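Shared chain: chain A. Partners: chain B in the first complex, chain C in the second.
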Partner chain A sequence: MAGERRTTALPGGIDRLYRAGLRTAGVIVLAIMATVGLFLLDRGFSALAVAKWRFLSTQNWQPDSHNFGIAAVLPGTLLIAGVAIVVAVPLAIGMALFISEYLTGWWQRTLTSAVDLMAAVPSVVFGLWGFHFLQGDIGITDLSAWLARYLGWIPLFAVTGADPDDPLASRTVYTSSTFIAGIVVGLMVMPIICAVMREAFSQAPAGEREGAYALGATRWGMIGAVVLPFGRGGMIGGTMLGLGRAMGETIAVYMIVAAVYRFQPHILQNGANSVSAMIALQYGSASQFGLSALMAAGLVLFLLTLVVNFAASAVIARSRSGQMSEG
Partner chain B sequence: MKRLGAPDSEVDEFRGRREPETRQLRDFRSRGAASVLGALLAVILLALGQPALAADFFPISGAGSTWSSNAIDQWRKNVAQYGMKINYSANGSSDGRNQFKAGTVDFGVSEIPYGLTDGGVTDFPPTRGFAYMPIVAGGTSFMYNLSIGGKRITNLRLAGDTVTKIFTGAITNWNDPAIKADNPQLSLPARKIVPVVRSDGSGTTAQFTTYMANQYPDLWNAYCAKVGRSTPCGFTSIYPPSPGMVPQAQSVGVSGYVSQEGNDGTITYVEYSYALNKGFPVAKLLNKAGYYVEPTASNVAVALLSAQIKPDLTQELGGVYNNGDNRTYPMSSYSYMIVPTKLEGNFSESKGYTLGEFAYYFLCEGQQQADPLGYSPLPINLVRAGLDQVQRIPGSQKKSTDISKCNNPTFSADGSNTLAAKAPQPPACDKKGVSQCATGTGGAKSSSTALTGGGSTGDGSAGGGDAATDGSTGDAPGGGIDPDTGLPSGTARSNSTNAAAVPVSLSLQNSTWQYVLIGLAVALLIGLLVGPPLVHRYLAARRAS
Partner chain C sequence: MTTLSRTRRNTNAAQDSERAAVWGGLLGAVALTALLFTQVVPYIGIMAYVVVGYLVFLCLYALLISMDNDRQAVKDRVIATLIALVALLALLVLTVIVIYVFIRGLQALSHLNFFTDDLSLAGSLDPLTVGGIIHAVIGTLEQISIALVITIPLGIATSVFLSETRGVFTRFVRTIVEAMTALPSIVAGLFIYAVVILALGFSKSGLAAGLALSVMMLPIIVRAADVVIRLVPGNLREAGLALGAGQWRTMWHVVLPTARSGLTTAVILGTARGVGETSPVLLTAGYTAAINADPTSGPQVSLPLATFTLMQSPQPDMVARGFGAALVLMFVVLTLFLVARVLGGRPAGVLSARQQRRRALASIADLRRFQDREDS
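Right, the complex of A and B next:
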């Protein structure tokens, strides 16, 4: 594009105004981001000054006795987000391919808006659904127990203090776990991942699709040869965006997990926590210093989410589907 | 009206030239149009009039206790008919105190006052002017979910030290001898106890830990030392959990968790009303007189007769824990509203007026509903003191309330507490001893629990050898029939161990899963039977073509 001759007139007054408006909007967004970061740094500084590097290595949260750190809640956040991604990505890929490649017309529009509608469900509703329905009514804990029984030899799925052969043991040891919180968060981030993937898949160039069919490919063969490689960037980017959202998810996690401040590596076992859920839990009763400690935890989460989201946008921008298609 | 209808009737006449209509119909039409317009006008007038009416009551907002939120929510709904808009977010007492201090809410609700030291941090009183106003009484109850042989039990009894040991990890199993001693006629299962505690800053936790720190300081301090808190640790708003406990957020969180079908073996501390709402039983707590009692309105009222009320109306509950009346529920307490006494921040006289009217309502009529909701009404002296506090809210209407017209069940002409005076004595089967009542408690009053032989020696399942030993140790044979339960009661035999067999259900806990699995198995079987020939035929057809 750069080397071609100029085909448009130099911008006039109204164009310049328009451009200035857009530029201002862009700067304001960046400025707000910066203020959030600076605010967290400013408020969290007094706690960070006390805790220093121990803030990253302490597994406890008692800010008033100066014994606090995010060594338990930060890995907890990543575990919940990890389970969420494992649940959401296969669902999202299937859904996106189904909508963009198999459905047409009314069904396509309806299912697209149904998935988008899922993104509009408030997170407190997902939390209630997870707590009362998933854990309470249908007893997802049975699935946890089954997984723990047969996959318990993998450290991640181990459950301590549970005897599967004890008929009197109740299922409480499997409740309020990383696994259940992760499933709910996964269903919450699935729509956004699905939307990004669907966009990427639908832009796969028609010429290449026709080419694949012309060479005798079945529909699945065409998807494997054209759509998926073309949409790889969108798939990775959508997953990263979902991961960013999953790490920041608060209320649903707050309602489901049994908040502990010691790292719980067993995802099927009772007890889990995330940075955002901890902030929501502790905010109400925090002292001045406790608030500062929470702000510091928020800062770490903010930085982590920022990194994940920037990485996501970089991946999307570099991929073929992020650039102009040559259909 | 005629003018409004006129254009329409003109249209009718115009139409009438082409398709004749009767005069009656035309009349009806024009009148109809006029009345529709009239109705519209009325609706608009009403819509305009509504804000004018509601402007008398400026909306106010508060935050705090989940302990008393069931009562507050009911009162808020009741005063909504007068146009009062009261917003209340039940995020816990700690949050309520902090938000009131920060000036973000017009009133706070808390079980404990400002100025207490929790874990070395003093919660200093706010700089804005404030006063405490008691709003309702109630009992912190122990709601549990426990079944024997697939049947939920509803008559559990616990002593204070047993409860403390459960919540400090000293007792971890339901068949512990201490629990057995409290429940001589229950064959408790060898199931793990899962104490469910609050994970957020909570007044309920503060009340419970105050009780433990006051009554069982050794047990409580030992636990505090174990979880890394400095001792003597006193009360705390945030429960320090240890492995094996399940922390949940807010009263709805803990009661919701305990009430989940699969969570057998759980117990939590929560206000009585939550157990009523969930339809779950609460443990009867042992008082100093040796009776196990339930936190009913009258038992709470009796207990609080010995509460010490300080000049600022806050409570000193040591006397309640040690109250020697048979009917005392030891963990009874008052809940407080923190109201502003100065015009500061965004608190205005118009807000003060709404808050004052709301307070007049719940201190008077509102108290009638305390009992059905799961609380206990305030006694007259505290209603009177509360009404005095209302007068201190800037902007509130200064009026004198005739307390005898409030229908408060505690009222009497001579100033004594009628509710407490009329409180029924606990039945004999609730006395600490060898028998226990079969009747249900809390939200599960209607379902009673089958009692087993308890201390009686006539237990057939004990086996011959046992009986022989019994005889040789010279124990008295089994007793007669208990007058209260109608079941055979035991004699005072302290060394007896109950050997009654308890059926253990081995079936799948959840029948939904059972049906899903059955469905899957049937589908698999059909697939195995029908699948291979079909696949073969399909492949053969393809090969042929």
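Right, the complex of A and C next:
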């Protein structure tokens, strides 16, 4: 067959249309995302311009009398997320190690699926379980009372207005607390953390595992020498990913806590709040300015989860690049 | 020549003596703890019994193992039981959540009218034989459909854009999309509430809820689909281009079919997240107890929102309906998840048995066609 053979793609025709289409999709998504971000910034700053630095130091939420700030709800968010991480991380490490190192075959696949499925259980289900089962049926408040009795000398675990030594005292002071909300949120983020950790553990190189065994290590010796060091990035990254999710969680916290607008430093005691729960509580009755104030709070929360998420993906990405072993 | 002993050495980690040690430790722990709590200290509670029993088991087990193993082996076995315990505990808690909602929800689900009626006629004191949640099921279906109509084409086109083009703009879009996955869902709802409902003056509706879900789901789907498309082997793409196909044809006939199962999984998992999400819907959909099949006007409730609202009621029957709605919601999520597992269980380019048969038939047909042409 005669004729010139072309060596470059023809500049035109359907491919040009295709590239234009792709670019348009990218631009649309970018426009949507940028609109959300810029709108939040714009409206948030109109509230921040009124409140100035008092926004970070005021423990109150009355935007219409210009007396509002996140000094109560932001530490509240961090406390709930902190309890959640303390609950979730040990469980996630144990689960991830058990799946990747102690199980094989059918059991490994099944438990992996089960954990992934748990990550998809809606938060409203966790919320109603926490409220009715954890706080109602089995009485997690007994555990709260026990902690308050023996650890009450630590300010974090102190409880005011109740005598922890009296076993017959009413437990209502221990309900709807940071502690209970934190446990529920922790169980909610545990599967997400576990999935990242399991992935990192299973990528530990087989050569080095065999090397450890060949040198006479027990299974735990091998895990300590090979799997955990290789999975460290995944462990840190997964934890931070879970932290980001825990800080943004709304509905489960809303359903459990008794909202307060003063900072409650006693995690076992009734009364707590978080930025997202406050938005869900306040948006309906908010004026135009009140909505801007809520957006400012939402913006601060978003910036916080943004930093945590980017740090997490940076740590995870770096641990992946380090998976290649020598030899 | 003497015959060597040829019995195979048992390499199985769990040997008979170790199994005996586990059972011995367990029996001893149960007995000792029972003795402790009946004879020495008063019974405190089941939790204390379990915790003390476990500690006793650890001590006994370590003692039994140390009778014919060294210190390293003892450490290994004790830590193995610890890890197994933590994993079982986590699994137990998650199972309890599912079973608890199942048991509480069954009460409402056992009445057939729960699936066929709405709540408009059910007063707060009416028994479970009146009213149902069909309005919430309709709302969920419509809202997630609106969200999917927006996010599937846009999300997949964007993920193709991210994986097929290079440059400053692509990197910028990828960074922004990654940043947006951190957006708390309540803030997505707040954005739609402020823009669509307050600024543009639309009423709270299913459409607004669908838009809020779209804002939330779009970055999730783009990122998941981007990962899947990047897993398509480069040599397939190069083969397409080498055969003279343009970029568009390579994408449409090679890359997308290869990544199909993974893309489906990405969309379904995004859907599962969106279906269960309450907070964006709470701000944008409004609440109604009646069927509203028109998403463009009037409040329209969805399953998670119905669950959430019914749980706030002080009436036990309303709470039971809430549990019923939660159970239906969990069933929907579970089904979506299982479908995703069945479709996405294979890596890119690996075919199911039926797909392989179809390819083989097509190949035979091609062969016949070529032979016919040669014959003529």
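Points to keep in mind about this one:
Here, the second predicted complex is superposed on the first by the 280 of 327 C-alpha atoms of A that agree within 3 Å, B and C clash if a C-alpha of one lies under 4 Å from a C-alpha of the other, contacts with A are read in each partner's own complex, and residues count from 1 in each chain.
Heads up, the rule we're going with is that a contact is a pair of C-beta atoms (placed from the backbone, for glycine too) under 8 Å apart; a residue touches a chain by one contact, two chains touch by 3 or more.
Owing to the predicted nature of the structure, the values given are computational and were not obtained by experimental measurement.
Of the two partner chains, chain C is the only one touched by A:L40; chain B is not. Once the two complexes are overlaid on the shared chain, A:M255 sits against chain B and chain C alike.
In the superposed model, A:L156 lies in contact with neither chain B nor chain C.
In the superposition on chain A, contact is made by A:S65 with chain B only, not with chain C.
In the superposed model, A:T141 lies in contact with chain B only, and not with chain C.
Of the two partner chains, neither chain B nor chain C is touched by A:A314.
By the touch criterion stated above, A:L78 is placed in contact with neither chain B nor chain C.
Considering which of chain B and chain C touches more of chain A, the answer is C. Once chain A of one complex is fitted onto chain A of the other, the partner contacts of A:T175 are limited to chain B, with no touch recorded for chain C. Within the superposed three-chain model, A:I279 lies in touch with chain C and out of touch with chain B [touch as defined at top]. When the two complexes are superposed on chain A, the residues of chain A that touch both chain B and chain C are 131-132, 142, 255, 283.
Residue ranges on chain A touching chain C, taken from their complex, read 9-10, 13-15, 17-19, 21-23, 25-26, 28-30, 32-34, 36-37, 39-40, 43, 90-95, 97-99, 102, 111, 113-118, 120-129, 131-133, 142-143, 187, 190-191, 194, 218-221, 244, 247-248, 250-251, 255, 276, 279-280, 283, 288, 291, 294-295, 298-299, 301-302, 305-306, 308-310, 313. Residue ranges of chain C in contact with chain A, taken from their complex: 13, 45, 47, 72-73, 75-76, 79-80, 82-87, 89-91, 93-94, 96-98, 100-101, 104, 153-155, 157-158, 160-162, 164-165, 169-170, 172-173, 176-188, 190-191, 193-195, 198, 215, 218-219, 222, 246-249, 251, 269, 272-273, 275-279, 282-283, 304, 307-308, 311, 319, 322-323, 326, 329-330, 333-334, 336-337, 341.
Interface residues of chain A facing chain B in the complex, by the touch rule stated above, are 60, 62, 64-65, 67, 131-132, 135-139, 141-142, 161, 167-172, 175-176, 254-255, 258-260, 270-271, 281-287.
By the touch criterion stated above, chain B contacts chain A in their complex at residues 91-92, 94-95, 98-99, 119-121, 123, 189-192, 194, 199-201, 228, 230, 237-238, 241, 243-244, 246-249, 253, 256-257, 259-266, 504-506, 508-510, 512-513.
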